[in-house]
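What follows is a pair of complexes built around subunit A, which joins subunit B in one and subunit C in the other.
Let's look at the complex of A and B:
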């Protein structure tokens, strides 16, 4: 009995080690694949703009700044980044102002069916800026005379973002203790004053999150400006990038890669700036 | 500086619950006034209705010679200190203190001067640049008081001002609060569920229960001459003994014993009437041998209070216990037979409705 047991033990150990090894291998390979999936596009974004002959493959570049020179010569490229900035910042300001006011009042005033309203808005918001409602939205903008107007684009994009913004901000507003406001009220502060002096400063991490999110949403949006804007001089970067073709009708990878890099830099820079300054938080909560 | 008068004030919540029920109270100019009662008695609702944070259902409120019933909170010239102090966490102490002046559009320079001035009075020098989160509970409370002072109100309203402080600090803050109120001479209403706090601080106390006023009087009146059994049992650090009995031959029969009729009720209680005999544990004494007019019983619990001992005595032939505070030197063994003696001028008689008989 004992001899048999002794004989069996090393074999079982060997099997265990093999299983462990295979498991580890599997995990590593899986992680590497997932990592590659996300990293390779980023590597392309960093390498291709400096490559004399960019292709869709990731490879070490034959180093050149020529792609950027060509890009600067393009009449619409740099201006379109400015247009993106106008659309993004315009929507951000509109969304922050309207979102704070709406979420504060929804947080403080009891309306029957408030939660249903919020959830319905959230559900519909994805449709407003989506493909499904594009025809009615287009017709509406035609009637309003807001075709080929950056303001029109800002309105439509903000409309799509607002429900989510209100939903998130309401949580921040809810978590501000009522006694802060009552205290300010007793000293004669009016509601707008209280919002500005007390509630907004406390909801600042939430507002920062919302601001970044709104900018990113608008910055990357292609469909709405593509449909509502006509003049190339008003188009944002996401739309202009679509026009970068060679004479042969092939995508001009030299231009596209260089432009993509410039296109992503502002968003990344803003992320680091806001994270440093305010920190991101997705829910409210005041320590008292 | 002003008096406060409420006239048949009612605050009814949706669903018909009355937080404040037909309140008629006059709080005199410069008075330190306590609203006392158990939680849910409507004392905070009354305070918030005076402040204007709750809208009254009917009745009226006057502050000084102004009718304020329908005024906005900001127009009533009242300052309130909240239980959680409600200091703005994102503002410095100086900005917190001078916030009322900011609303009044006072210049930055004057606000700073005022914050230093008021902060100095409440010993907050050197803390003005800090944030509320960096201060201790006691300091935070003084900042809340300073903010109230800087708005120069007619009336101060304090909601449970001492409840967020630990026991030792509370005593210190209590003395500080009383001195501050005396110095400023501003009419002050404060809410508390702690009877000791009310007795120690207030010039007059309103005892409330279920939105209704039970008794209004000086701490001495409320303590010595409670209007009913509720006030009698609520006020006092050890609740008053309230024993069921019957009037017989000019005495009160309680179980197997009979005690003399309280002086205040002499000639007012009819033969055979069911009554409640009330005596504070502090006013009772025990004897180890039988005495006329004493309650016979045996000791069941003995609790040391430091300078005194609280005895619980089970009465012979009666299902209620009686508590007695005796000197620290008297520590009878459990089960010892004792006779509880009382003084007729220190005891009270209540009728079957719970109302005090006599004055």
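Let's look at the complex of A and C:
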């Protein structure tokens, strides 16, 4: 027994070393595979926009900015990015204004059935998704005469994200200190004025998070504008991108590559900006 | 008055007025369409023709037709495989494995890996689908060049597998983030003592980590199941084809109702989708409430 025990120590150490080595190998191989899986598809977006002769495969570019010139000369492409901006900012403003008013009132006044209302809203917005409700939404917009209207798209998209906005903003409003509002009230400020001058500045991090989240949701949305808009001149980038073909019927890769990059950069930049500034790792999680 | 939290002197009437515009928008553009689905689903409503002007009440015909329609059953089966393989298995397992591995690599490595995983999630879906279309292309695709698989047409030969891998690629970021924060909440002292008694990686995971993150894992599964079940993005990659082989429910509804014009039939299937969503979301919200109290 004692002899065995004496002999066991170096053996066990050896096994630990081996285990450690295998662990290191496994970790390294796994990390490399994960990186390959996530990086390789994106490489095209990095190289092709700067390639004089872009093709579908990934290759180091013959460097040029010409593809961006092609893009700038295409009114359809530039217009569609403008349309995405209109939809994104329009929805953002709408949900921020309606969401602030609603969440402030829910946060400060005990309206009967408030908690039930909040949970019902959250439940509804997660089950009535763009895909599940595309048929009735399309018909509703036909009846309202809002087909091919950007305003109509903004209304539908805002209706879909507003419940989540109210739910998160209420949390932010709950955590802003109330003493400022009391003193503002003592000086005779009206509620709307208090909301605008006192509460909104205090809730700015929450509002910024929500603003970015709303823009990211709408900026990349394909389905809703795809079914509700008819004219290419009103369609956003997500939809128009699939109409870029050459006369030969092939995808126009010079245009698509530069366009994809320009279309992706704003959301990537915003995401990482807000992530760094406000650390919203987790609120970013509610992308649907 | 003072201790009910109404510090700005809003009062119930004004509070209701503040709330009304938001509720109106939600009612008209979110709640009403869902309720209308109930009605549309029992009519023979069509996009054009006489049934568009005078839709007739057809009772449960749409539902009976759907349940005996091979295309619907095929679509439902594909959807179940798609959700299970790409969300429940693909995103969760990959997301957890990345989160777990990243707790034991150097910081810069972790930052780089997390950046690229997140990138797949943030880039607009129209762009990611084009990136995958380029990657999987038959004659010029990078994947064929890397694997020397000649002129393999991945999207035609393996449409369902393609959209499963694609959706795993897109969505893993969420599981990774959620499991990262879950792993950060496991007490280091417990991990340390497990290591002290010589527990291997698997034993540590089973005895210390999994019991701690069970709630997170459930939350994660329910959310990504809901999102994957409702994603329309694969439409841009395969449009449901070839021969309906990647025709998951959202694409099926789109083609049936808005391409072929069978709105009543499409609404009936939409309602089936909403009910499935309702079941998943109810379980999720119940868990959320339990954890809060």
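Keep this in mind: the second predicted complex is superposed on the first by the 220 of 288 C-alpha atoms of A that agree within 3 Å, B and C clash if a C-alpha of one lies under 4 Å from a C-alpha of the other, contacts with A are read in each partner's own complex, and residues count from 1 in each chain.
Basically, a contact is a pair of C-beta atoms (placed from the backbone, for glycine too) under 8 Å apart; a residue touches a chain by one contact, two chains touch by 3 or more.
All values reported here derive from a predicted model rather than from experimental measurement.
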First (subunit B), second (subunit C), both or neither touched by A:52: neither
Contacts of A:186 with subunit B and subunit C, given as first, second, both or neither: first
Touched partner set for A:201, first subunit B, second subunit C, both or neither: first
Touched partner set for A:17, first subunit B, second subunit C, both or neither: neither
Touching partner for A:139 - first (subunit B), second (subunit C), both, neither: second
Subunit C versus subunit B, contacts on subunit A by residue: C
Partner chain(s) touched by A:158 [first = subunit B, second = subunit C, both, neither]: second
Partner chain(s) touched by A:72 [first = subunit B, second = subunit C, both, neither]: neither
Subunit C-contacting residues of subunit A that also contact subunit B: 179, 182, 184-185, 287-288
Residue numbers on subunit B that touch subunit A, as the complex places them: 51-53, 72-76, 78-80, 82-84, 86, 88-90, 99-100, 102-104, 133, 147, 151
Parts of subunit C lying in touch with subunit A, wherever the complex brings them together: 4-12, 14-16, 18-19, 21-23, 25-26, 28-34, 36-37, 40, 45, 94, 97-98, 101, 104-105, 109, 112-113, 116-128, 130-135, 137, 140-142, 145-146, 169, 174, 177-178, 181, 200-201, 226-227, 230-233, 236, 250, 253-254, 257-258, 263, 266-267, 270, 273-274, 277-278, 281-282, 284-285, 289
Subunit C-facing residues of subunit A, complex: 19, 23, 27, 30-31, 34-35, 37-45, 55-58, 94, 98-99, 101-102, 104-111, 119, 121-140, 155-156, 158-160, 162-163, 166, 178-179, 181-182, 184-185, 191, 194-195, 199, 216, 219-220, 222-223, 227, 237-239, 241-242, 256, 260, 263-264, 267-268, 271, 281-282, 284-285, 287-288
Of subunit A, residues touching subunit B in the complex: 177, 179-180, 182-190, 193, 197-198, 201-202, 204, 286-288
